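Okay, got some structures for you below.
One chain, chain A, links the two complexes that follow: it is found with chain B in the first and with chain C in the second.
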Partner chain A sequence: MGFLGIILALTGAALSVTLTCIGSAKGVGMTGEASAPVMIDDPSKFSKLLILQLMPGTQGLYGLVVTVMVMLNIGLLGGSPDLSLTEGLLYFFACMPIAVGGLISALMQARVTVTGVNIVAQKPSESGKAIVSATLVEFYALLCFIASMLMVLNINRLGL
Partner chain B sequence: MKGKVSESHYAYSVTAARIMQRALLSDADYSLLISAPDAIAALAVLSSKGWKTPADISLIPQMLDDAMQEVWDFLVEFAPDINIFKPFILRNDYHNLKAGLKCSLSELQVDRYFIRPALIPRKLMKEAFFENHFSLLPEPFSTVLKQAYDALSETRDGQLADIIIDRAAIDGMNGAANEVREPLVRHIVDTLCALSNIKIAFRSAMLGKNKDFLNAAIGNCSSLDRNSLIESSAKGFNELFRYLKTTRYAAQVDILKTSPIDFERHFEDRILSSLEPIRFEALGANPLIAFFLFKEAEIKNIRLILAGKLAQSSQEEIRQRLRRIYV
Partner chain C sequence: MSLVPMKRIEIVAMQRDAKKIVETLQRQGVVDISDLTPNAPEDASVAPTSPSIAQLDRHITTTTSAIATLESRARIKKPLLSGFAGRSEMLFEDFSREIKHVDDYLRIALSIETQHRLIDSERASIAHTYNHLQQILPWQSLDIPMQYSGTEKTVAFIGTLQGLWSDLRFNDAFQEAYGKLYNSEETGTEISVPPYLIEWVHTSKMISNLCLITHKSDASAVESTLRTIGFIVPTDPTSHPPKHRIDRLKSRIKASEDAISQAEIELSSYVDHLPSLYFLLDYLNMRMEKYRMLDHLLFTQKAFVLSGYVPSSVSENIRSVLECKFDIVVDIEDPAEDELVPAQFSNNILVSPVEDIVMTYSPPTRKDIDPNPVMSFFYYLFFGVMLSDAGYGLLLALGTFLVLRIKKPEGTTRKSMLMFMYCGLSSVVWGLLFGSFFGNAVYAIGHNFFNSDVALRAFWFNPVEDPMRLLIISMILGFIHILAGLALKFVNMFRHGQRLGAFFDVGLWWVVFAGFILIILNAVIPTGAPLNSIGKWLAIGGAIGLVLTQGRDKPSIPGKIMGGVASLYGISAYFSDILSYSRLMALGLVTGIVGEVFNTIGTALGSGIVRVFIFVPVFLFGHAINLGISALGAYVHTNRLQYVEFFSKFYEGGGRAYKPFATATKHFKIKEEI
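Showing the complex of A and B:
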């Protein structure tokens, strides 16, 4: 039983980092692609573009943090891992907010940051607004991250 | 039909197009051009806006041709799927077919009448004409050219040859658009084909052409019922206008009644204005299509302004002919 619980918990942890990193890689890649012509045209816009390009990358980081927290909690990074099936299932579901929310928010944020790159290209003075718009999407990735973290950190308190 | 390229693949090309869009002429630039005292002064205005202008006004067509080719080269290099532009470029190929055919049977210099960009290289087109070796051209161009050439050499009727090529152009553009999975391309090409068909129907009604002629001349397009257009045009203006009032082009019928030139301009403006919301899109093929068509309209406007200056037309006359601008 303990073995199945660990498999479930690790599946959740793996999905948490994999899906968010897929979203982030796609988002950062898209924004980078869109930024390249602007940088060729005017290299001085690099810093504004870098901020936009980094924004969809944060979801991958959130996913990794949740993964590490799961591994710590189940004793995989020290201690003896022993998990019931129910606990494993709980960890699996606790990972889902950031896994799914992180993936979707990274892709959605990438669309906003690519639009932001277009703003930087055409009206550099308005680049702050582009960053604010992308930050609004970040907020929802953050909510997913907080939800996952709270769940992962509190599963032990259930005393299962 | 080929698969649609994912819109995320357009990130690079759309931003690159946005950067090029900044160089499009603004309202103020057009005002400067129109108020220039002559063509030389207008060229100086263009030069100040980054255009590579010639010292000799006889090279103006070459300048405009180069400008359009530059846009095409950009799209070939950066657009993830260049096939979406094929229906628009086909127009130029069919134009070149007509120009080449007429020049090959006259003393005219063909290079002056060929336009770019085109799918068929200029060299190949010239070889096909001057060696009378039409099969050098890819299908359907070789067949169309053979038909038009036979019609012209047998009947000496230039209009008949034009009709054969124009009809092939309408059907070719429609066919190419149907192979593209971009609704915007289909919509615009359909509107352009409808414009060509309405112009043919209008001229035919004016000249009292019969149904056989109209059957040969009018092509397919989904926004007009071909049979109704032929029937109504054969019966004369009133019937034609009555039919057009039942189509989605009803609002333009009154303009057609008063001025076919204004009708064409209004039609093209309608296409261009439908593209304006696309300027805010950051991904997908639509912004590139819009950029291409607005650049084409800009070049057409500059051609009209410079031609107007050379003909010493008034500012008001020039302004009336201009297409909608995109800034």
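Showing the complex of A and C:
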């Protein structure tokens, strides 16, 4: 019976979307809190602040994509899910890079965007630089995402 | 297609012409006036313009505020996207005619502000009066003055007690308090409570208002007893019956309301003057600019000096305009080597939209090569790979096209709209190559609603099925991007005469790269030719060349060796640069998969017509969110790839953007007929 395998795979998938979404929610929230007072002074900075605020939000999206890929690959979305224990464990571990890396990178990125809000407040013309600094952090979430994706997509090929 | 060549312009003219010359320059709008005046006479000084500036500033504040007051009353809903709209055009003759009325317009603005302030103060007074009224209203049914103290033989107490009171509760409390105060416990005698008459004027849960009358001889005892149970005399008792004061306050509120509606009527009669006020604001801002500019002039007793930069193409034009109007010396020359000349790009309509991206990074100096032509190609390309959906691309391109067409924006707004339009078109191309149109919408709708298995076939391949292929393509594109950056560096060094340096710094890296490519090619497609060993020796040869040349700026021999060896560390930098382009694949996949997820959710529930009703809102909402986030991601990460991976190869920046002194108007574009 492949129930244990499915349970493990789903645990990984659930962690992947949950942890990244926690990180993103915290990050977007922090940046939003920081930008509100700036908008009181100058509402026209809204669009620049919005870009900054959304940046730590992408990790949740990466987590969701990995979750969906796992669900597709184990046949949970249409098909007959049947998984050995080993396969389940493999899916679980394949989810870990984006789950952990996404969570932490979202929090770290949020610290950059929060200070970026200061840049927008004082020198709006330099806001591009704040955004670029934040993408430097985001890149590590992307690497985790790519690693998780490639693992998830290739587990089938092992023929276990 | 490059940086606009600039000339330095220096003007010496009579002081009496100063304002007119500055006005002429402002209307021409091509001279970037700088503080730098190398040939200024020593006794020159700056004109005292601050009083005029302060006054102008006040006028501008008044006008801005008057416009806001009128706009909120005009009840013209600003249409959506009005922020993108360009200015309306105004002929110069109209402009000169309007200028004569400026004083009238200013008077209008001032009287609008007066009315506005009147409304504000009347509103404040209404609020204040209303509070007062609320306090006195409970006393309304009292038909004697609140200050009433009694008759010859009686004393009246008028005041309040906290909470809800009745005769019964009062009797008990009064008796108990009176007993505590006046019954001596030692003797045990009980003195009876003095007689009183009480009338409850108003009672509520919070407070009870009462009027109590007692005999004069008992007055002091009753007063002390009342105090102990919490009786409070009002702070501001009326000398007439309270009704009198209530009427007075009500009529005061009425008067304020009348004054406000009067002022509102007056204000709405000004609504038609809104365009005049827009003109006034533009005019005042223009004068402000002019006065600020006068700060940059150096005056001697009779003459003044002005210097700045002007694009060489129009420099002679400016000279002739100035010389035919004024007694003036215009000196136009090439700027010196070390001068920080303001930078302006000049590119065709495909390339110019990305110029602001470069300016945001850092304006170029004259040492830099214009990165825009090469960058714009990669910019649209990468944006397309990352958004990679034909539907989203179409929406983006159509949306920006409509804004451009209908709103006719100017300047940077126009440029960024154009940029996103090209980016959208590029996304359409990539979306078709990858077979993505709102995710897998064609298949999802066909399969679930029409029982057909039509799917949009990818013209190339579907990245969701074969992500490795997209990853490799992303890195190859990245490698080409980096090579292009190095090529620009080569061209730039060559152009500045560092031919050998160009070969050492760029050519040798290309040799190393060529070696690596041969090795990789050999591994992928084994041809039998000795590509592997050729590649190996090329790479080693290039590396040796780098070690020998990269430390050449260092003064000492060990320094040269260290610098050379350290340069090989660049290999790992290039490796991580190329890896960085994997984001092209990641973001492309995210767009596609999230789109598919929303299509799946939308078609998962219900059947028949119910399913349509669930599908449509999920589809619209989901794809709107996905388009927003994916476009944002594509924009941000495309910028990063240009700034960090591309510019680091050749672009230094640190210059100053060309900001010509011009009519910085907000509402009207003044067209001068020549």
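Simple rule for what comes next: the second predicted complex is superposed on the first by the 159 of 160 C-alpha atoms of A that agree within 3 Å, B and C clash if a C-alpha of one lies under 4 Å from a C-alpha of the other, contacts with A are read in each partner's own complex, and residues count from 1 in each chain.
Note that a contact is a pair of C-beta atoms (placed from the backbone, for glycine too) under 8 Å apart; a residue touches a chain by one contact, two chains touch by 3 or more.
Quantities reported herein were computed from a predicted structural model and do not represent experimental measurements.
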item	value
Combined model on chain A: chain C and chain B, fit or clash	fit
Contacts of A:D41 with chain B and chain C, given as first, second, both or neither	first
Chain B or chain C, by number of chain A residues touched	C
Touching partner for A:T115 - first (chain B), second (chain C), both, neither	first
Chain B versus chain C as contact partner of A:V65, first or second or both or neither	second
Touching partner for A:E33 - first (chain B), second (chain C), both, neither	first
Which superposed partner A:L83 touches (first chain B, second chain C, both, neither)	neither
Partner chain in contact with A:V132 - chain B first, chain C second, else both or neither	second
Least Cα gap, in Å, left between chain B and chain C after the two complexes are fitted on chain A	10
Residue numbers on chain B that touch chain A, as the complex places them	8, 11-12, 14-16, 18-19, 21-22, 280, 282-283
Partner chain C, residues of chain A touching it in the complex	51, 54-55, 57-58, 61-62, 64-65, 68-69, 77, 125, 128, 131-132, 134-136, 138-139, 142-143, 145-146, 149-150, 153
Footprint of chain A on chain C - complex, ascending	357, 360-361, 467-468, 471, 579-580, 582-583, 585-587, 589-590, 593-594, 596-597, 600, 629, 632-633, 636-637, 639-640, 643-644
Touching residues (chain side chain A, partner chain B) in the complex	26, 30-31, 33-38, 41, 110-111, 114-115, 117-118, 121-122
